[in-house]
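One chain, subunit A, links the two complexes that follow: it is found with subunit B in the first and with subunit C in the second.
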Partner chain A sequence: MRSNKVKPGQTRPEPARGSRAAVSPGQVVSYLVLIIWALTTIYPFIWVTLNSFKPKGQIVSSSFSLPIGASFTLDNYKVAFQRVDVGLAYRNSLVISGSVTVLVVILAGLAAYGLVRYVFPGRQWLRNLVVAAMMFPVFATIIPVFGMESAWGITNTDSMLLTWLSIILPQVAGNLSFAIIVLMGYIRSLPVDLEEAAFLEGYGAIRIFFKIILPLARPSFATVAIFVFLWSYNDLFTQMFFLRYKETFTITRLLNEISSQAGTNYGLMAAAVVMAVIPVLIVYVILQKNIIKGLTAGALKG
Partner chain B sequence: MKSALTRRPGSGYKLADAMWGYFFVAPVVIGLAVFYAFPFLQNIYFSFCEVDRFNRSSFIGLDNYREMFGSAELYQSTGNTFLYVLLTVPLGIFLAMIVAALLNSKARGQSAFRTLYYLPAITMPAAIAMVWKWIYNGNYGVLNEFLKLFGISGRNWLNESATAMIAVAVVGIWSMVGYNMVILLAGMQGISPSYYEAAQIDGAGALACFFHITIPMLSPSIFFVLITSLISGFQVFDTIYMMIGKTSLAYESTQSLVMLFYRNAFDYGYKGYASAVSIYIFVIILLFTLIQFVAQKKWVHYE
Partner chain C sequence: MPQNQTPAGRPDRPALRRARRPARRYSAQAAVYKNRRPLWLFLLPAFTFMGIYLFYPFFRNIVDSFQVIEGLGMPAKGLNDPWYLNYSKMLTDPVMRTAVLNTLLLMLCTLVFQVGMALLLALLVDRAGRGAGFFRTVYFFPIVISATALGLLFNLIFLYDGGMLNQLLQQLNWTSKNIDWKGEKFWFSTMTLPVMWQYVGYYFVIILTGLNNIPAELYEAAAIDGAGPWQLVRYIKWPLLHNTLCTCLTLAITGALKVFDLPWTMMPNGMPLDKSWLTGTYMYKQTMLAKDVDYAGAIGVFIVLLGVLLSQLSQRIFRERDE
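And now, the complex of A and B:
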C-alpha cells in the first residue's frame, strides 16, 4: 500500500494482466513468504532422501552433506529389505489398502446410486444414517469391533487372510459414509436420459449401474478411490489395534516398529521413511489435479 | 412401463423399484449397523462394565466414570489436548489464510505452490512424525545444528515438558496448513471480482478489501476449516504417539486424550475404563461442534 508503482489491490481482479516490469517491494515480500513456506514443506523430504543414501555414521556427524562419491551407499535400503522386510510390508499395505479401496468404491457406489435414483420408504432416513455415521470417531467403536472380530475368530490368528480381513472390514466401514456422500453429489448431477434409454433397451438395474453410472461418474469414483487408498495406507490407529504380528505389518505399522526399535539407526529410519512416502508422493504429483479438485468439491458440499 | 428414474420424487414408488433400492443400499446398511451403530451402543454399555478380551462384560455401574473423573491423568490429558487445539487451530487457520491470500493475488506459479503446500496433508503422519523427531533430536537434530550457526545452544526439545508440546504443535500446524489453504483458496476463487472492483472505485485499499470483502465472503469456508481442524485436533494421536516415546520426560505433559484411551484399551486391556474415556472424548467433540454450529449464525454469511 505504501508502494506507489502498483497497488496490490488493483491487480487482483485481473492477475494475468499484472505488470511484469515493475515489481513492488510488497510483491517481493509475498513471493519470499511463499517460497519460504514451500521450502519448509519440501525440504524435510529432500533432506531425508539424501540421508537415506549415506552411511549411518555420516548421517549423525554431518546430516547436511551430500551423498556423493565414497559417501554414497545403498546399504540402508539393503538392510530395510533384509532385516525388516519392507517388501513384505509393501505387499501387506497394497493388499489391505487395495481391497479397502475396491470394496468401498463398489459398495458406496451402489448405495449412492440406490439412494439417489430409487424411491423407496425409509430413503431419507437412510441418507441421514449415512451422514450421521461420519460423526462417530473410530475410537468410539473400535473396542467393540475388535471384540466382535475376536469372537468371530479373525483377529490374532496365524492365518494371513483372516488377519487381512480383520482390518479390511473396519476400514471399509470407516470410509463408506465419506464415499457415499461424495458419490451421491456427483450421481445426482448426471442427466437421467441415458439411464432411461438403457432401461427402455431392456437393461437391468445392475447393468445400468456398471455400464452407465460407473463410466459416467469415473472422475468422482477416481477421487474417492484416491482418498480412501491414502487414508487406509496412512492410518496408524486402526492398524495398531489389528496388526500384531510382524508378518502382517503394513508400511505404516512397520514404520512405528522401526521408530521405536531402531533407536539410533538413522540410516534405516531414513530409508524406511523414503520407501513409505515416495510412492505416495509420485502418485500425488501425477494425480494432483484430481486430488485438489475432489477435495474442494467435497468441502463445498460438506 | 415407467421406471423410478422417470418419475419425480415424492410421487410414490413401485414395489419392484423399491426392491432394487433396498438391494443397492443393503450391504452398506448392514455394514454400518454391524461396524458402527451396534459397536457404538455397545461401547456406551461397556463404559459401565468390566470387559475381558472376548467382550464378555460384567456390569459395574458408574465405577469406570468415578475412577476416571477421580484420576489426575484425565485432567492432565484433557489440558494437554486443549492446549494442543489452542496452539494449532488458530495458527493453522491464520497461516493458511495468509498463504491462500498471497496465492490468490498472484497468478504465476499458483498451482505449483499449491501442490507443494498440500504435500504434508497427503503424507503419512507416522513418517512425518519420524522425520520431525529427528529434526528435534537434542544431540544430532537439524534444528540444534541450525541454531548453532547463530550461537544459540539448542535443547532436547521432545524430552522437556516446557518445549515438547510446542514442538508437537509446530508439526501439527505444519501438517494442517496445506489442507486448510486449499479449501480457503478455493473459497477465495469463488468470490466474484465485481466486489473488489466496486470497492476499488470507492477507493478501498488491499487491506480494507481483505477484511471487508474477503473475510465475510469466505466465512463459510473458514467455518468448514474450523470445524474439521477442531475435530481432528481433539483426536490428535499419530504425531504425539510417534514423537514422544514412553521414556520421554515429557510423556505426561503431552499425552493426549486419544492416547490415554489407546493406552488403556491396548496396552493395559482396561476396556471398560477405556470405553468410558472414549465416551468422554466423544462428548467433548460433540459439545464443541454444537457450540460452533450455534455460534456460526453470528459470523458466517451464506450468500
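And now, the complex of A and C:
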C-alpha cells in the first residue's frame, strides 16, 4: 500500500537541515503550533474534571475557577452512584465488552491461523470475503439482525443474560473481519520451522495453535483485544438498539441517557464524562503503544 | 500484502496427506498442514458468525428495503407498492436531501481540515525532530474516548447559558450576549468541529508513519544539493506521501459515513429544525422514532452505495502510484 521504497528498520539520522543554531525561529513556531494543538486536546478533559467537583451553579458561572474550599463538592459523584447507578453500568460494560473481546480473539485467531497456514481451494476467495466484510457498515445490517434476534426471542426480554447475548453476538461479528486481517498479518510473519518441529514431536494442528501460535503471537493478540474492547465499550449505535432497560445499560448507553434526561444537571453530566473517561485513560496510559498500533493497523494494512 | 503461498488449489496427494513423517515439502506449506481435517475447526466458527450476522443480514436488508415492514423486529409483509417505493421516496424526501448534503459537506471538511491539520502537525513534528512520542500520545488520546462522552463534554462547552465558550468570550469582553452555538447560525461548525477534532490524531499517526518510512538517503541527497525545509516538503515529503494520503482519503470518506455518536449526542433529532441530519442519524431516526423500518433499511443500502461509489471514484482520481 505504501511506497515500496520503504526499507524496514532504517531510521533516519538527524540530518543537518536548515540552520545549525540550537533553536531556529522556525522550530519555535513549529513547537508553538504543536503545543497549542496539544492544549486543545488536553484542556477540555482537565476543564471537565475540575468542574465535576463543583456545585452545578458554579459550572455555568465561573467554570475556570479551581474547585477549592467552599466550592469543592463530591455531590455530583454521589448522585452518579446513587441515583443513576454508574456502578451497575460499569459492570454491564465490563461483562459485555469483555465477552466480545474474548470471543473475537479466539474465533479470529483460529480463522487467521487456518487462512494463513493451510493451502486449500477457495482460500483466496475466503480472504476476499473477510476484507469485504470489513466494508459493511452497521447501518446496512442492523435491522435484519434485530429482526433475527427478535424471532429467536432474545431481544426486549427481562432476562439479563439474553439481553447480554443479544448485544454480544452482533458486536462479535462486527469486529471479526478486522481482527482476522490484523492477526493474519502477524501469523504470516512467524517462521513455520517451530511448528514443523512440534509436528515431528507428534503435535497436531490444534495443539500447535494453542501451544505455539498463541504464545508467539501474543503481542498482536493483545493489540486486537484492546481495539475490540474499546470499540465495543464506545459503540453507542448497536447499544441503542439492544439495550432498552436501565438495568442493562452500559456506560456509553447511560451517558446518552444522561445527556437527554439530566436537563440542567450539569454537575452530573461533568461527573459522568469523567467516569466514562477514567478507565479508558488508565488503560491508555499503560498500553498506549499497543492501542495506537491497533487502531491504525487496519488502515495501514489496507 | 505479500503472499508466500503455493498456488491456491493445488491438488493434494492423498498419500502425502496422511504422511506422518517429514514428507517432501512444497515451499511454504509445512507437512503438518497437509492434513486438512482440522481446518474446519479453525474456519467454521468465525465464518458461520460472519455468515449469520453480516452476510445474510446484508442481503436480507437489500431485499427488505423493497418490502413492507411494520415495525422493528417484525417480519416483512410482501412487496411495497410500487416495489421501489422507498427509493422514490428517498429522492423526494427533503430531509434525506439535507442529510446527504450534510454528510458530503462533513466529508469535505474532514478531508480539508482534519487531514490537512494532521498533515501540518506531522510535518512540524517531523521537522522539529524531538517530542514526536509525546505529541503522538497526546493527539491520539481523544480517539479512544467514547464519542458519546465527548458529545456530553462538548455540550457543556457549547452550552448557551454559561457554557465554557460563552463564559470565555464574555470574560475576554468579546461579546456581552450569549451566543447560541446550536442555533441556526453556528450549528454546522458546532457539530463538525468536535468530529474533526477527535480524529486529527488518527491521521496524524498514519501520516507520521508514512514520513518515517521515507528513506534517509533521499534526505542526505537533498542536503547535499542544498535543499531548504520548504523544498524538502515540496519535492520529497509531499510526493512520497502520496500513497499515505490516498489511504487517508479513503478513510475520511468511509469515516464520515459512519459518524453517529457525536452528532446524536450533541444535536439529537436534527436540531435545529431538521437541519443537522446526517445519513447515519437519519437512518436511526427512521428506525426508532419514525418507525418506518423498511425506509430505514433502504437508507442503509444507500449509505453502502454512496461509500462504495465515492471511494472508488476517489481511487480513480488519485490513483495510488507504484513508483
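One rule holds in what follows: the second predicted complex is superposed on the first by the 275 of 302 C-alpha atoms of A that agree within 3 Å, B and C clash if a C-alpha of one lies under 4 Å from a C-alpha of the other, contacts with A are read in each partner's own complex, and residues count from 1 in each chain.
Just so it is clear, a residue touches a chain if its C-beta (ideal position, glycine included) is under 8 Å from a C-beta of that chain, and two chains touch if they have at least 3 such contacts.
Small disclaimer: the values here were computed from a predicted structure and weren't measured.
Chemist: Would you mind checking whether subunit B and subunit C clash or fit side by side on subunit A after the superposition?
Modeler: Here the two partners, once superposed via subunit A, clash with each other.
Chemist: Regarding the shared-chain residue A:V280, is it in contact with subunit B (first), subunit C (second), both, or neither?
Modeler: Both partners.
Chemist: Taking the superposition as given, does A:F229 touch the first partner, subunit B, the second, subunit C, both, or neither?
Modeler: Neither subunit B nor subunit C is touched by A:F229.
Chemist: Taking the superposition on A as described, I'd like to know which of subunit B and subunit C A:G185 touches: first, second, both or neither.
Modeler: second
Chemist: First (subunit B), second (subunit C), both or neither: which does A:N256 touch?
Modeler: both
Chemist: Going by the contact rule set out at the top, does A:V172 touch subunit B (first), subunit C (second), both, or neither?
Modeler: In the superposition, A:V172 touches subunit B and subunit C alike.
Chemist: If we overlay the two complexes on their shared chain A, which of subunit B and subunit C does A:F53 touch? Say first, second, both or neither.
Modeler: In the superposed model, A:F53 contacts neither subunit B nor subunit C.
Chemist: Go through subunit A and flag every residue that touches subunit B in one model and subunit C in the other.
Modeler: Overlap of subunit B and subunit C footprints on subunit A: residues 1, 7, 10-16, 18, 27, 30-31, 33-34, 37-38, 40-42, 44-45, 47-48, 60-61, 63-64, 107-108, 110-111, 113-115, 117-121, 123, 126, 129-130, 133, 135-137, 139-145, 147-148, 150-151, 169-170, 172-174, 176-177, 180, 192, 195-196, 199, 205, 209, 230, 233-234, 236-237, 240-241, 251-252, 255-256, 259-260, 266, 269, 272-273, 276-277, 280-281, 284, 288, 291-292, 295-296, 299-300, 302.
Chemist: Across the complex, what residues on subunit A touch subunit B?
Modeler: 1, 7-16, 18, 27, 30-31, 33-34, 37-38, 40-42, 44-45, 47-48, 60-61, 63-64, 107-108, 110-111, 113-115, 117-121, 123, 126, 129-130, 133, 135-137, 139-145, 147-148, 150-151, 169-170, 172-174, 176-177, 180, 192, 195-196, 199, 205, 209, 230, 233-234, 236-237, 240-241, 251-252, 255-256, 259-260, 266, 269, 272-273, 276-277, 280-281, 284-285, 288, 291-292, 295-296, 299-300, 302
Chemist: Show which residues of subunit B lie in contact with subunit A when the two form their complex.
Modeler: My answer: residues 3-7, 9-13, 17-18, 20-25, 27-29, 31-32, 34-40, 42-43, 46, 51, 53-55, 98-99, 102-107, 109, 113-120, 122-127, 129-135, 140, 142, 145, 174, 177-179, 182-183, 186, 193, 196-197, 199-200, 204-207, 209, 221, 224, 231, 235, 237-238, 241-242, 245, 258, 261-262, 265-266, 271, 274-275, 278-279, 281-282, 285-286.
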